Structures are given as structure tokens and as C-alpha cells.
Amino acid sequence: MLDILYSIIPQMLFFAAPLIFTALGGVYSERSGVINIGLEGLMVIGAFSSVTFNLLYADVLGDATPWYSLLVAIIAGMLFSLIHAVATITFRADQTVTGVAINMLALGFGVFMIKQIFGKGQTDFISQPIYSTDVPFLVDIPVIGKMFFNNMYITSYIAIVLSFVAWYVLYKTPFGLRIRAVGEHPMAADTNGIKVYTTRYIGVIISGALAGLGGAVFAMTISLNFSVSTIAGQGFMAIAAVIFGKWNPLGAMGAALFFGFAQSLSVVGSSIPLLENVPQVYLLIAPYVLTILALAGFIGRSVAPKASGVPYVKGSR
Amino acid sequence: ACGSGSSSGQGGSGDSFKTAMVTDTGGIDDKSFNQSAWEGLTKFGEDNDLKEKEGYDYLQSNSASDYAGNLNRLVQSNTDLIFGVGFKLAEDIGKVADQNKETHFAIIDSVVEKDNVASIVFEEQQGSFLAGVAAATKSDSGKIGFVGGEESELIKKFEAGYVAGAKSVNKDIEVDVQYAGSFGAPDKGKLIASNMYNSGVDVIYHSAGGTGNGVFAQAKDLKNNNPEGNYWVIGVDRDQYDEGQIGDNNVTLTSMLKAVDVAVARVAQDSKDGEFPGGEIVSFGLKDDGIGIAETNTEAYTDDIKSAVDEWKQKIIDGDVTAPGTADELKAYVDSL
Amino acid sequence: MFSSTKFNFIIPIISVLLGLAAGAIIMLIFGYNPILGYQALWNGVFDSPFFMSETVNRITPYILTGLAIAFAFRTGLFNIGAEGQVLVGWVAAVWVGTAVDAPAFIHLPLALLAAAAAGALWAFVPGILKAKLGVHEVIVSIMMNYIALHVTNYLIRFVLTDNQETTEPVKQSASLTNDFLIGLTGSRLHLGFIVALLMVLVMWIILERTKLGYELKAVGYNQHASNYAGMKVGRNIVVSMLISGLFAGLAGAMQGLGSFGNAFTNTAFSNLGFDGIAVALLGGNNPFGVVLSASLFGFLKVGSLNMSSAGVPNEIIEIVIALIILFVASGFIIRWALLQLKKGEKK
Amino acid sequence: MENYVIEMLNIRKEFPGIVANDNITLQVKKGEIHALLGENGAGKSTLMNVLFGLYQPDKGEIRVDGKKVEINDPNVANKLGIGMVHQHFMLIDTFTVAQNIVLGSEPKKGLKIDMKKAVREVQELSDRYGLQVDATAKISDISVGMQQRVEILKTLYRGANVVILDEPTAVLTPQEIKELIVILQTLIKEGKSIILITHKLKEIMEVCDRCTVIRKGQGIGTVEISETNPNELASLMVGREIRFSTEKQPAAPKETILAIEGLTVQDSRHVDMVKDLNLDIRAGEIVGIAGVDGNGQTELIEAITGLRKKSAGKVMLKNQDITSMPVRAITESGVGHIPQDRHKLGLVLDFSVGENIVLQTYYQKPYAKGGILSFKRIYDKAKALIEEYDVRTPSHLTKARALSGGNQQKAIIGREIDRNPDLLIAAQPTRGLDVGAIEFIHKRLIEQRDQGKAVLLVSFELDEILNVSDRIAVMFDGKIIATVNPKETNEQELGLLMAGSKIEKEGAQN
């Protein structure tokens, strides 16, 4: 039993990390009142930019390359999310439509650029990925050490710490209060002297930064290259995590961890003798079925920020 | 075959021969078989002094809906021989071939029984058998793994050959077989690999396309933490040595090579020479270098492995051993050991 | 000057032009010839009857997934699960198409019905969970997509075939293909477009002319008022998802009984459902608008395959499509710009 | 030179297709309560939004303390000491009172909001003006009256010298209105100035110093309250004479239409809101339910109309048991319902006026046949009702959202009365409407009575209850604690009853 946990927990953590980052981004965007279906595309941009940077600059930067790559992805994600922000906030475009367009645009752009830069539709493996490590000292703690501090990616820890930071910012700081206010009732916020447009821009750009980071973490730890199919649905899973987690950073983290857990369980499951003869398909769909059951069973209704999806037009009600 | 005679007869100068391929959704730089097929065509083109686009060409498909259109586009531009790369094109090749009896087609990895279609298949089970031999010889733990993409007949062929090869070396070896359910899920591949290495597996053979990237990622990560540890991957379809590189180490033990390029170039040449194998199943195996095993990682791929592999390779070529390609054949084979 | 109906036409047209212009600029920047590129795009469709009918075949499922998503949107729901509904519809149609023996006038409708029913069933799950438990339909739909992908692969491999990747072709009696059309164009043009156009009418009639449509829209706009007016809110949510799923399921049938005539295992999503979101929104969630936007999509997708003949990578078209959608969505600013232009003229 | 804090001179504001403010001048003296009066849609809110920086005027000038200013943002207004309590509250339901108030100018401790300090400050401010709000309560948990005080606190917290209140009393109970007036007077004592928008002339007479009247976007003029009377104000506003108390014949009640026995209803938190309640309404009478908001009136109506489950008791309509019928069956057996919340329940705002007209009948002949709607018949009906009920709308195809509140209400009333129900339930039918519209609606209710229908009127306006009802049932804590004859009672007495004090009196039975 303990053995199973020893393998499930680290796996769940590395699997969940990209989803956590991206979902946190989604939380910020939607909390500020802008639905972001484009998370998938922003992850693509993150993966694309980090891999490209990594391949081009590994020789110069050496071991520090992956960290710079993450930074590049964050910036690329922010820039790309600006398109979403300008369209939805300034031009009052439908948020869902724009998100869908962002997804197509990111993929088209990413693959097109890869072809321009490397002359092929799929990059080589990066030579400087992020590796897992043991956490000194902590790893020696009995049971816990092996579960939580053995062969772990720093990015997983960052994801979890960032979830708490995101929660703190959203619920304890003036900035968070303002983000939530413009997502619930932008006009009220406006009459209180809050710059609704600016705040929403920031919300969307944060989602770009975090989704870019999520895509990059996926690329730097899991796929190690970029192609048209590197990011294939993770962004949508992140959206699911946002809703599952009821637009709360910690909830979103919990949901992402749950997805990781369910996936990992389905993999571990197939090596449990009892389940050996169960057709593969049941294990493959298990994570998704589990999610639906969890939603139907005890998560239930989740209520989106009231004004999310609605462009704010100054002076109208 | 008479159609081919006339066409090559007409173009006595030899320059008018045109061949082209339609990729599946991978594209010619997929580091896998579209790429390999294209390399074959390019080689053929160079050997015959043909120009790209005029003498040899390709069309890329972005989705399954594109196959038929692309095939027809090539027919309409008077292509003499059209390759469909991958079993997914079989259905469409069949239909287009019916409507265009004057044109020659070749399908890779599948069989289409039509007079103007040549079916190119590979004996993957033979290469996989050797991969199994290498894995079993390499393994210290007595536990090896196999990661498949989708649980299809084709991939089952890899699995069967691999298990048979491994058991041939060590009857008691444990083979952990898992399918990711997708060829494009590196995260799932990494999960599976992590799980396998955790449970003591020390060699994993993957036949899982992009999902296999996750297997490499996990092996390299473990290797990075523990350079002395045994975390080997056996690549598939082409030499995946580069994918295994990590610092000064390399986790790619070997790769099962599928020489699509060789096959494509051969069929194209035959066709140009008026010997198009229409209606035939052209099978490539160890014997004709259509299937092979990579020896790039000289450090890991030690002499004892090489000699074991070579020994079994000879047996297969000589027909002393038949590598099983299905679950049933595998069962019979293992029982016979 | 500009009435709002006029805007409804002008904005998409301007957006398409802007999108193409942006594509041209990108081509120029990267050293491709946009004129040759677009010429190839055009020729890729209009060069031969074959590719024109190929384009029609491509448009057909887009219309249906577009309708599926537009219908849900119009009734206040976001059916992001069309992707999965297409897959199950596809497999169901092929299943009936291969396993049943019947004369064509029974077999074909039966196969279509099976596809519609399968799509509807898949949409029922998020519908009922939303109606009964208030679970967000988007998240359940996303999960149902993945389940559909794995389940259909399993069915094809182990139920419809004996461990094959591809099923038998559907029997002629269940096929949408038609010798006359094939003879006419030498292509695989099939009768599916008639089904799709019929569904366009069906959607329009349901929404604009029936009391069911009235209820569905009312529930979509305001559940409290609908409840006040004695409508059954939950039931309407489920019905709306069922109809939406039905359209998506039929999109699958177009592929299974028409364009492909079989079903095969999929490694990844077909994207018909996801593209349907864009089709629906580009078409203003209006059934006739959907026909136009699906046509644009089909045209660009088929034509783009020919762009490599001009040496232009066809990802450029993905970018162009995305930009067009962005421009349409930002119609407000185009409208504003037009009004400014008008004003400027007057002065 | 007078000492004006606020001067809005010759303000013009145009919206596409309409001039909402045309050359309006408003001058507010320091320390006065200045009323702004006008019909629905006259342009009052627009003018105030201009002052608060939500809209930019097309023409005209604004001066604060004699200095010309440009207010292009609420922030600027706040800095100039102008605060506004909007007609539709600008509060975030999920936040606490303190969070709502400090939002935008939060006290900080490090990076964190200093919530303790915020609560303390808010509490102090509240105590100083006698507002009695709980700074830590969630908005969604407090009454409308409390929410309004939060709005006032918001302006005070930002240091407002001039407080604009847009129809503050429309949503309040009589008791709350009294308390609000006290609050306003406290503010004046503290040196603030107030601009008050209200349709209630009585309130203006009671608390205001001066009144500016606007009609159809035009400034009509400013009058000293001490030198005017309600009749003059009304005719200034409407441009014609208005009759205040509705004339009606004595009622002639006949057979019992609605009989409620032992009804108990719970709210969504499972608290009993209606407790073992009995009530009869007869044909040809209007029964008014008087009571302070929150004493179960809403739940009572929802229970009668089937929108809410009943936990005990029986409801009979024309001797037919409708207790456990679904909404539609109840509607069909002869109940018309003018709901309290017209935006939430009464209308599908995104449907056209025409579509809303058939919201209760769309499925019946002649509007629907075999599941198909006949829009010709629907629109014919809509046009007829729009005409008959004087619904001012560009066309029957206009979205209901675009109509003013009064016209939305008229459309609902037309729709419900036209179905010819035996029982008409009217909940707060005139909330937020101008006197002209109120007069119209009252006439319609009485007309129904005269045609032999039973009418149940729920209102927090004592005027309305006293004027329109034939019988008044006072509701307190989920029960009818008294039934009185409007002719034999007065506001004083009703007020006491509504506060729960039982008085021995012959009219009080049941």
C-alpha cells in the first residue's frame, strides 16, 4: 500500500504541475471577469517558446537554460494573452469566440515558426530539461520523505507554493479584492474608483503568464520537445480544474492534483493483479469517469464569477 | 503490371517518371516514418537525377479528411507512382486506386489487394524479437517493460516479438506490458515509465510515437539523478539514440529500425524500371535489411548483447526461428520454450 | 446609414478581408509570395469538380457541428462536448451500417438515426447533470470527450472488428455515397450535404417557429422567468443538450456513411467539434450564418492543402482563420471605425 | 452670489436617438436637501451620472464650490467630495460590508489588506451617523435597507460632502424610510449636502428644502418647498393635473375565490417563513397585505402560485384544491401573477416585448398549433395590448430590456390581466414608478375588482395599501395578525400593527 503511495504521489505531482499553473492563470482571468478558453493556446505558446529558446541557447546558458526558458515562456504567454485582452476588454469581443481563436492562432503560429526556425514541423529534444531532485534532509524523513521529497520536480513545489500565494493574493490583498470585484460587479468597482479595464487586463495577462509557464513546464519536464501535438487537451483539462475548483486557487490546485491522482491511479491500477484482466479501456476512461462522479457526487454546483463573460461597457447597466 | 510497362516505355528518356507520397498527419519531419519514407524518396530521386517537385514530391495531410484529396491531387498531376505512408491511408488508397487504374500506388504498413497497388509491410516482430533479446540480456533485475501507444494489431506485433525475444533469452523474465491508449500522450508515457522503473524494470521498449517521448523523459530524469542506475529505453522505427542523450550518458540501449526509406526507394526503383510489384505484398524483414537493430550506443550495447542478438538474428534469417506476431503465436512460442 | 442587419453582413466580410490581408503580410515577412499562395488556395478548390465536391464534403460536417454548438449557445448552454458526440455518432452510424442488412430506404435512415441517438446520448450526460445537480456542463463535456475517444477506439478494435484499426466499409444500402454524384464529379461527393441543409432548416424551425424553441430560448435567457411561466427548466436543459448532441452525432454520420464510409481508431480528436465552436460563433449562432461560416472553413481547409504547391506552409491558413474569427469577434471596433469613416465623409 | 456647492449649468447629454438631458441647470446649496423630480425616463439618473463622472456631458459646465471642474471618472467625483447611492445598488453580494466599503481605498498592513482596521473604521463611521450596520456581515445576508446604508457609508468613507441618492426609498419599507430620513438629517447636521431623487411627493414635502423638476429631459425649474404643495409639484412634473387618491366605488364582495388554510412555507434555508396562515379572498374585492418586508409575503405569494413548495396547509381556488399543483396548472386554473421582481421573474429581458406578452400563453391556441407558433397572432395580440395598456415602446419587436421600468411593468400587467384570471396577485406593482404610471396601474386593479375578480395586493407602501384595498390583512412573522378596514384605520395604526403589536379593536379579527 505504502509502495503504491510512494509511486503515485510523486507522479501525481509532476503530472499536475502544468495543470496547476495553467488553472491558476484561468482562475485569475475568470475572477477578473474574462473567460479564457484560450488557455490551451497559451500553453502551446509557452511550450513552443520555451523549447525554441532552450534549443537555441542551451550552449550559451548551460544548466541555467531551463529556468531562462520558463521565463521566456512567461513573457511569451503574457504577450500572447494581450491579444485576448485587447479583443475582449477593449474591443468587447465575445470571450469564448476569442478564446477559440487564440487556440487556433497559437497552434498555427507555433508550428509555422518551428518550420521557419528549424525547417521542420517538430523540434529535436532539448538538451537542458528540468530534472527532478531529492530534497536534501527532508527526503530522509521516514515515510513522508519518500512520498513527498524523493525525485521531485522543483516545478511541482513551485506550483503548490504558488497556489497558496495566488490564494493569498486573491483573498487577502487589495489587488485580489479588486480582481474579484471587477469580476463580480464591474460597475460597482468602477464607482469605487477602480480601473476596471486595467484590472481585467492584468487578470488576463496573469493568465497568459501562468498558462505560458504551465506549457513550458510540460515541455521542460514531460515532452522535452515541441510539435503540433505536444499540447493536446491539457489546456481544456486546466479549464475543467478551474471550474472543478470553483474558481478558487486552492480548489483549482486540488482539482489538478485530483486529475494527476486519477491518471496515476489508472496507470498503477493496470499492474495490480486484481485489475489485470479488466479491459484496458476501463482504466483509460477511469480518470474522466472519476471526475464526473466526483462532480456529481459531492462537488455539485459551482457558480462562476457573476460578471465573467460580460464585456464591461462604461456607463451601461 | 502492363500499365507500368507502357508508361516507362513511353518515357524512354526516363525523365518523365514521377513519384510522390502522401503523408499521414505526421508530416515529413516527424522523425518517424513519414520522414523515413521521404528520405527514401529523396534518395531514389537523387539516384535517378530527378528534381524535387518534378520527379519526386510529397503532400502533407493535416487530418484524415485530407488523404483522399491529396491522393487525387497527385493523380491529377500525372504522378506515376503514389505512396501512401501509413495504414491509415489504406482505405483511401483502395478507393482512389479503383477509380484510377492507370496509376500505380503503394501502401506502407498495410495490405490493399488491388492490381495497381503494391503493399509494403515490415516484419516488425523480427526486430522486436531482437529488441527483446537485447533487453533480456541487458536486464539485471529480470524485469523489463513494454509501452505501447494504442492497443492495435500492429503494435501487438511489436509486443509479441519483444516478449518472445526476451523469453528466449531468459524464460523467467517478467515483462510488464502497458498501453497508453494514445500515440500523443507524453505525460501518460512518463507516468507509465515512472511506474515501471519504480517497480524494478530496467529496460523499456516503447512503440508509442509521441507518448514514447515521456518514456525517454522519465529515463533521462532518473539517469540524471542516478548516473549509475539502469534506466534503459529501446527506441522504435528509427535510431532514437539522440533522444536518449543526457550529458555524457545515453539511455537509448538500442532501437528497432524499420527501414521505410529502403523499402520506398526499392519499390520506386522497381517501378521506374518497369517492375512495379502491383497486387503483391512486398515484405521487408531482417533478411533484406528492411528491419534492423541499432548499435549506435556502443557503451551500453555491449558485446555480449551484440553476440546474443546476432545469434538470434541469424536463426530468424535462416528460418530456424519464427518470431511470433500475435498473442496466439506468442503463446504457442512461449509454450514451446 | 448602417442598419444593424447591414452590419451583420459587412463585418464578417471585412473580417475575412482583413484576415487574408494579415495572412499576406505574414507571407511577405517570411519571404513567400502571397499572390501565388492565395492563387494556389483558390485553385486548390476551384481547379476541378473533384476538389469542389471535396470541399462540399468538408463543409457538411462543419455545418452540423456548427449547428450543434450554435443551438446550445442559443439556449444558454456551451456544448464543448461536440467533439465526443461526433465520435460516438460516427461509430454508431458505421456500426449500424455494417452490422444490419436492410433495404436502403430503411438502412440509411436507421444508420443516421443511430448516429443522432448516440450523439444525443453523449450530450445527455452533461445535460442531466446540469439539470439535476447544477454541475457545469463544460467540465462534464470535456470529460465526455475523452471518454468518447477511448470508448470508440475500443469499440472499433474489439467489437466492430477483430483487433483492426479500421472497420469494414458500410454496406451500400447505408451509404450516403451515390453513383450518380460520383459519376458526375469523379469524387466522393455524397448526399450528406442534403442532410446538413435539412438540419439547418430544422434548427431554424425549432428555434424560430416552435413552442419548444420558444421555451428553450426562454430557459436559456432567464430560468426564473421560465419557471414563473410554468416551464420545466431542467427538462428544457436536457432537451436542448439532446438536440445539440443529435446534430453533432449526425456530423459523425456524415463521415462514417459518407466521406470515409467506415470508422477508424483515432489517436487524437478530429477537431470537428472544436472547429464547430468557431463555425457557430463566426456564423453568429444563426443556422444560416453557420452554413456560410462552415463554407468558409471548408474552403480554406481544402484549399490550403494546395498551398504547398506554391511553397507556402499551410499553417498560414490556420493563422488566417484564427485572425478572421478574432476580427469578427471584435466587430464592435470595426463598426466603430466604419461609423467614424461615415462621420468623416459627412464633414 | 449664492453659496452653491454644486452647480450643473446647461447640461446636455445625448444618447443615440434620444436627448436625455437638454439644457438642464441644477444648483445645490450647502447644507440643503435638494430634490430632483421627474417622470420615469425624464433624465434624472442620467443627470446624476453625469455629475458622478459615469457619463460625459455633451454640453454644459459643472462647478464644485464655484470652481469649474471636469469629472470624467467616478474617481474624480470621489475626490471632489461627490458620492452617489445608485438606483440599482453597486454592491458586491459575495463581499462583506467592510470589503464593499473599503474597496478601492483599502487600508493596508504590509501587502495585506488591514481588515481589522477596515472593520473598525467602518464601524466607527456607522456609529457616528447612527447607521447600525454590521461591518462583517455579507451583503447577501443583509436586508435591502441595510444595503442602502452600506451605500451611504461608502460615500461617507470616501469623504463625500455631497451625497446623491437615486430613488433611495423605492425599495424601502415605511419603517426603513423613516430611519433613512433621520439619517439624512444627521448628514445635513454634519454639514453635508444631499441630492435626493424620489417619486414620492410626500417625502419631498417632508424633508427637502428645494426641488428641481425636469420633464422629458428639459429643466422645468427649481422651487422652494416651503412655497409649494404636492399638487403643484405633480403638475410641474407631468404637465397636467394628477389625482392622488384613486376614486372607487365601495366593494361588493361575492363568493370566495381563494381560501388558504393552515399554510406553512419554508424559505430556501428551511426556515418557516409563513406559519399556519389562513386567508380568504372573495370575488369583487381587493385584499391588501400590509407588512414590513421579510415577514413572509414573498414566500406566501410563491406558495400560492406554485413557485415554492408548501410544507403544510391547503390552498383552494374556486373550491378546487391547487395545493400541490405545478405552476402552470395553477396559472391555468385562473391565477394571474404580477411578480415583485419584474426583471428576474416577470420578463425574459432578451425576448421582444411581443414574445413577452405571450409568456404565459405561448403554448395555447391560437398562438401555438401542433407545436408551431403563429407569430402573426402573437404580434397581433402584442400590438393590441401595447395599445390598450399604453406601453411606450418603439415596437413590439423591441427587446424588453430596452423599456423603462414603468413600461415593462405595464406590459406585464397587460399580459396578466388579459388572461382574465379569477385571482390577480399583484406584488409591489408600482415600485419605482412615477405618479402617472402609478395612477394608471391602480385604475386597472380596481377595474378588475369591479369586474368581479379577486385581487391580492402586496405592497410596502402604506399609501397604496390604504388607497386601493377594500380590506387590509396585516402580515407579521409569517401570520396574518389583523384584518382591518382601510376606511377605519390610518397609517399610524397600520404601522404599529406591522411592527407586531396587537391592538384590541373590533376590526381586528382572524
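Observations, loosely collected:
Should a chain be cited, it is by its letter among A, B, C and D, assigned in written order, with residues numbered from 1 in that chain.
Just so it is clear, a contact is a pair of C-beta atoms (placed from the backbone, for glycine too) under 8 Å apart; a residue touches a chain by one contact, two chains touch by 3 or more.
Computed from a predicted model, the values in this text were never measured in an experiment.
The chain with its C-alpha centre at the largest distance from the centre of chain D is B. Mean C-alpha positions place chain C and chain D at a centre distance of 47 Å. Averaged C-alpha coordinates put the centre of chain A at 46 Å from the centre of chain D.
Chain centres here are Cα means. That of chain B falls 76 Å from that of chain D.
Between chain A and chain C the centroid-to-centroid distance comes to 28 Å (mean Cα coordinates, whole Å).
Shared interface positions of chain B, defined as residues touching 2 or more other chains, are 151, 181, 184. Contact with two or more other chains is made by residues 150, 153, 268 of chain C. Of all residues in chain A, those touching 2 or more other chains are 229, 232, 280-281, 284, listed in ascending order.
Pairwise chain contacts present here: A-B, A-C, A-D, B-C, C-D [touch as defined]. Of all residues in chain A, only 83, 87, 90-94, 96-98, 100-105, 107-109, 111-112, 115-116, 229, 232-233, 236-237, 239-240, 243-244, 279-281, 284-285, 287-289, 291-292, 295-296, 299-302, 304 touch chain C in the complex they form. Residues of chain A that touch chain D in their complex: 172-174, 177-178, 180-181, 184-185, 187-194, 306, 314-315, 317. Interface of chain B with chain A (complex): residues 27-31, 151, 176, 178-179, 181, 184-188, 190-192, 194-195, 198-199, 210, 213-214, 216-217, 220-222, 224-225, 242-243, 245. Residues of chain A that touch chain B in their complex: 6-7, 10-11, 14-15, 119-122, 124-125, 127, 129, 131-134, 151, 218, 221-225, 227-230, 232, 234, 263-264, 267-268, 270-271, 280-281, 284. Those residues of chain B that touch chain C in the complex are listed here as 59-66, 68-70, 72-73, 76, 87-88, 90-91, 95, 99, 149-154, 156, 181-184, 209.
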